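The data blocks that follow each hold one structure.
The following pair of complexes shares a single chain, chain A, combined with chain B in the former and chain C in the latter.
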Partner chain A sequence: MDSKLAIAKSEPIWNTNVRVISIIAGLIILLFALPLFGMNSFYLHLFIMIFMHAVMAQSWNVIAGFSGQISLGHGAFFGIGAYATSFFYMEYGVTPWISIFFGMLVSAIFAVLIGIPMLRLSGHYFAIATLLIGISFQVVFQRWDLVGAASGLWVTMTPEDSWSALQFHSSKAPYYYVFLIFFLITFFLVWLLSRSKLGYRLRAVRDDPQAALSLCINVSNYKIIAYVISAIIMAPMGSLFAQYILIIDPDRVFNIEISIIVLLITVLGGIGNVWGPIIGAAILVPISEYSRIYLGGTGGAVDLIFYGLILMIICIFKPNGLISFVPKDILERKKQR
Partner chain B sequence: MKILTVENLSKSFGGIQANRDISFDVEEGSILGVIGPNGAGKSTLFDLITGFTKADTGKVKFFDKDIFGMSPDKISNLGVGRTFQKLKPFADQTLLENVMIGAFVKEKDIKRARDRALEIIDFVDLIEKRHHFAKELSTGQRKRLEMARAMAIDPKLLLMDEVTGGVDQKTIPGLVELVKKLKKTGVTIITIEHNINIIMEISDNVLALDQGKRIALGEPKEIQNNKQVIDAYLGTFDAA
Partner chain C sequence: MTTEIIIQAIVTGLMMGLIYALIAAGLSLIFGLMEIVNFAHGEHLMLSMFSSFWLWSLFGLDPLFSIPITILLLAFCGIITHYFLIRYILKAKMLIQICATFGLSIFIRSIAQLLWTPDFRNVDKPLLEGRIEIGSVFIGQPQLYASLVCLLAFFGLYWFVTKTETGLALQATAQDRHAAEILGIPSNKMFAIGWAIGLGCVGVAGGMMANYFFIFTDVGINFALFAFVAVALGGFGSIIGCLYAGIIIGLVESLGGLLIDPSFKLLYVFAIYLLVVIYKPQGLFGRY
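And now, the complex of A and B:
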């Protein structure tokens, strides 16, 4: 008996699969090297969109996949982030590097304010409430003159490329690296989160709130914590996106489509799994971009039909997302029978 | 020393009086068995004590602390563990992860929480199943999982709802042995049990409920011969 316990205790807490680690390290190096091989601006744009959507989906994954609360209004935090950098830069000349944090802070505050009453609602009611809150942000910004109302904000352009203003006109490569670094940092932190005490407790809240309560876990507080973390991840993507396109308006950055796409990406890739959003974004974003190119304005909604089809196929055959194609021995520990 | 004192605890759902003026206390280190026909209010009583349901009136004291009206996470944090009649494992997580979630209450460090969880899993004899998902375990094993998970928070008082309910005859003796082994660790146990032979075997005292009311409280022998209990619950039970 004792020896079995001793063996169990001597096991490492996490599997370290050298093969997987080297593949990931190789991919990261490749991503840093890619622009050096003279990628044209379309491919740079494609990768920027993949990084951005992967982070946005990861934000949604934290609240929905880790803590089990379906939010349908996550676009609100994206919009807050976008407006935070643009507004403070235009009005007060604050560098986006600082106002990114304003965006995170304001998003976190709204997450608390929304979360305290709403997360007491269970299941579908939280989803419906967030859907309406997401839409109401768009309506408010459409009518708010201080931030340009419906016509939005046209960020003052710098004459030259500028790291301090986070504006690059001659090449997309600097944007590529900025998004790539945010993407890597976010995934690293969320990966740490999933392995932490907090990660364990969030999964407990997701799987069975009552059992979690019996284990000293304050379920409502943990849901709010997840919601705040999720908002803090989302806001910087809005900020960076605003710097990338330099024209923002409520129809674009508070669009309901943002809230839907993060859900689609996560479910496609694998909800509740740290790697799911990357896989989902790497597949859905190219479909969206290519359908935009080949079908143009007239076929604007064709990508949505694709999404619908893919999602149906996934739900029927691989309800845990594409991540479930990854061999089991990489994801799970060998079982003793 | 009294670990739990319950006074005049009442709860009604709409017109149904689920618990009516229930009073009893539990001596530290003992096992209290709770019996009664279906609908007698046994599980409701557990929910009232552990804070999962708010009682209407009454008093609940854990040692000297008034825990009436406290939220379930605060009550469990004081050292009151519980299992559920309808099992609630974290199904998509492994046995080890299930128990670790409880162990984090006492150990902040992940390695120490893991080791603590492993010791408890070993205690409930499931060490070989530690990396199995909870949904892959049998009902008997899931009962052990719930006990292990509740033990992981290091409770002084453990409320167990139907340890032997829904498992086959072959599995029962092992679970009963486990309850006895648990008692030896010093933890106080309140257990709901339908199997009358088991309750008589393991309990120091037995509380009998019927239609939300306490109808008897005493040592197993007294209860077995109590006329009200026989009428309400044991029926034609022959105390041979």
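And now, the complex of A and C:
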């Protein structure tokens, strides 16, 4: 018994495949170097959107993929993050670097408040409740005068680029680095989470709540923890997005499309897998941006047609997402025995 | 605030509630049968309203007479949905099932937006028009007949499910798919029938509402939300529960709108949902 434990403890916790490590390191260096090659602002925007959506999808992945609770109104936390940061910045002049944490805090509080009654339930009840929550937030913010009601908030512009106000008007490159760093930090932390004790417990809750309960795992508490983590990941993206476009209104940041796209990216990439959201975002965001360029004038939401179609096709043919095409030995660390 | 206004609100709420009840009954039937929530239910309602509208505007057929065609179209739509999507995800995880029907809803809604643009339309001068005055309470005729037809359709559905042979076969499949198959009830056929009937109910509701409601591509979202709430409130899979739940929701919506603030209707319904689901998670008449 002890010897097996010793073997298990001696196993490295990361993937020891040198090829994989070098590929990941190379990609990170490449991402940092990309703006130096003089990318035009459209490509910078494209990458910023990919990073943002990858993190948003990762947030959904934590609640849906790890703990198995489907939230159909996850855009609510995006909007809360955006509003909290912009509101504190405009009213009290708090720098966005600090008010991002306000956004996270408010989101976490809301996640607890929503989670305590709702996560005792499971399955369809939770999905329907979150759908209602997503729309309720939009309704409330459309009529809340303190935060500008339906016309939203226009973030006060600084005259020139400023790191303290997180506003850059001359180039998108600083935004690129800010989003890139948030993206890397988030993925690293979620990767740690996925192989921590908490991560395994969340998956136990997802796969068999009754068995988990019999192992003294408090199922509803762990669901709430997952929901709060998920909200905390989502909120900064709203905050950064608000600083990026500098105008937020309820129809934009509480749009149900946000809740749809995070779900779609995760399911497309591979639900329950840390790397799924990257694949999903890298495929879907360019489709969305390009279809907006070439088909944007037609008036209809053409990209949404593709989204719906892709979602159905993935559900029918590849329920585990595109990540299931990647060979197993790249994804998982080698077993020592 | 006089008694008349409150009575007026109650009557309006009742009439709306009966329509919610029928829409929810279709949803509940499908859920009871295969434990799949049709997240595209609102979009199917939208399709039925548009079917009524186009039959009126292209062929001059009044919504009242085009209802049988709408029902058939929607039933056909249900069979197609089952054949091309649902039958592949019957054994999938719940998460995949939710994502698939959610994808269907996005697909239908955006196709409709592309084809018909998001404009608001309405049927001009339908046969059912005007209002009835009882004392000082006004009842719109189209609303009144819509709710009566929905109530009738609801009891028709209830009779069909509890009394006819096919209905009993549906119930058997809902209770235990495999045992029913051993007894010679083909579950795949039953599922297709279930989808056809479930969406047929939506066809009735949509066809009647086309008489007086604005018709646009996002019309289904609110109705679907209320239908989801009604199904959860009445208990997943219980058809008679939908009737009570639909009426409760209609009353809460209209009285809450009258007494507090009409722009937060959704929140009152949401509050009711939370209360019921917390204190009685299986719903009012739930099996689970």
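In this section, the second predicted complex is superposed on the first by the 313 of 337 C-alpha atoms of A that agree within 3 Å, B and C clash if a C-alpha of one lies under 4 Å from a C-alpha of the other, contacts with A are read in each partner's own complex, and residues count from 1 in each chain.
The rule is short, and it goes like this: a residue touches a chain if its C-beta (ideal position, glycine included) is under 8 Å from a C-beta of that chain, and two chains touch if they have at least 3 such contacts.
All values derive from a computational prediction rather than experimental measurement.
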| item | value |
| --- | --- |
| First, second, both or neither for A:312, with chain B first and chain C second | second |
| Partner chain(s) touched by A:211 [first = chain B, second = chain C, both, neither] | first |
| Chain B versus chain C as contact partner of A:135, first or second or both or neither | second |
| Contacts of A:4 with chain B and chain C, given as first, second, both or neither | first |
| Which superposed partner A:267 touches (first chain B, second chain C, both, neither) | second |
| Partner touching more residues of chain A, whether chain B or chain C | C |
| Contacts of A:150 with chain B and chain C, given as first, second, both or neither | neither |
| Contacts of A:197 with chain B and chain C, given as first, second, both or neither | first |
| First (chain B), second (chain C), both or neither touched by A:20 | neither |
| Residues of chain A touching chain C in the complex | 64, 68, 70, 72, 117-118, 120-121, 123-125, 127-129, 131-133, 135-136, 139-140, 143, 260, 263-264, 267, 271, 298-302, 304-305, 307-312, 314-316, 319 |
| Residue numbers on chain B that touch chain A, as the complex places them | 50, 52, 71-73, 76-77, 81-82, 84, 88-94, 97, 100-102, 104-105, 108, 110-111, 113-115, 118-119, 121-122, 127-132, 149-150, 152-153 |
| Contacting residues of chain A [partner chain B, same complex] | 1, 4-5, 8-9, 13, 195-197, 200-201, 203-204, 207-208, 210-219, 332-336 |
| Footprint of chain A on chain C - complex, ascending | 31, 37, 85, 88-89, 92-100, 102-111, 113-115, 117, 221, 225, 228-229, 232, 236, 263-264, 266-267, 270, 273-274, 277-278, 281 |
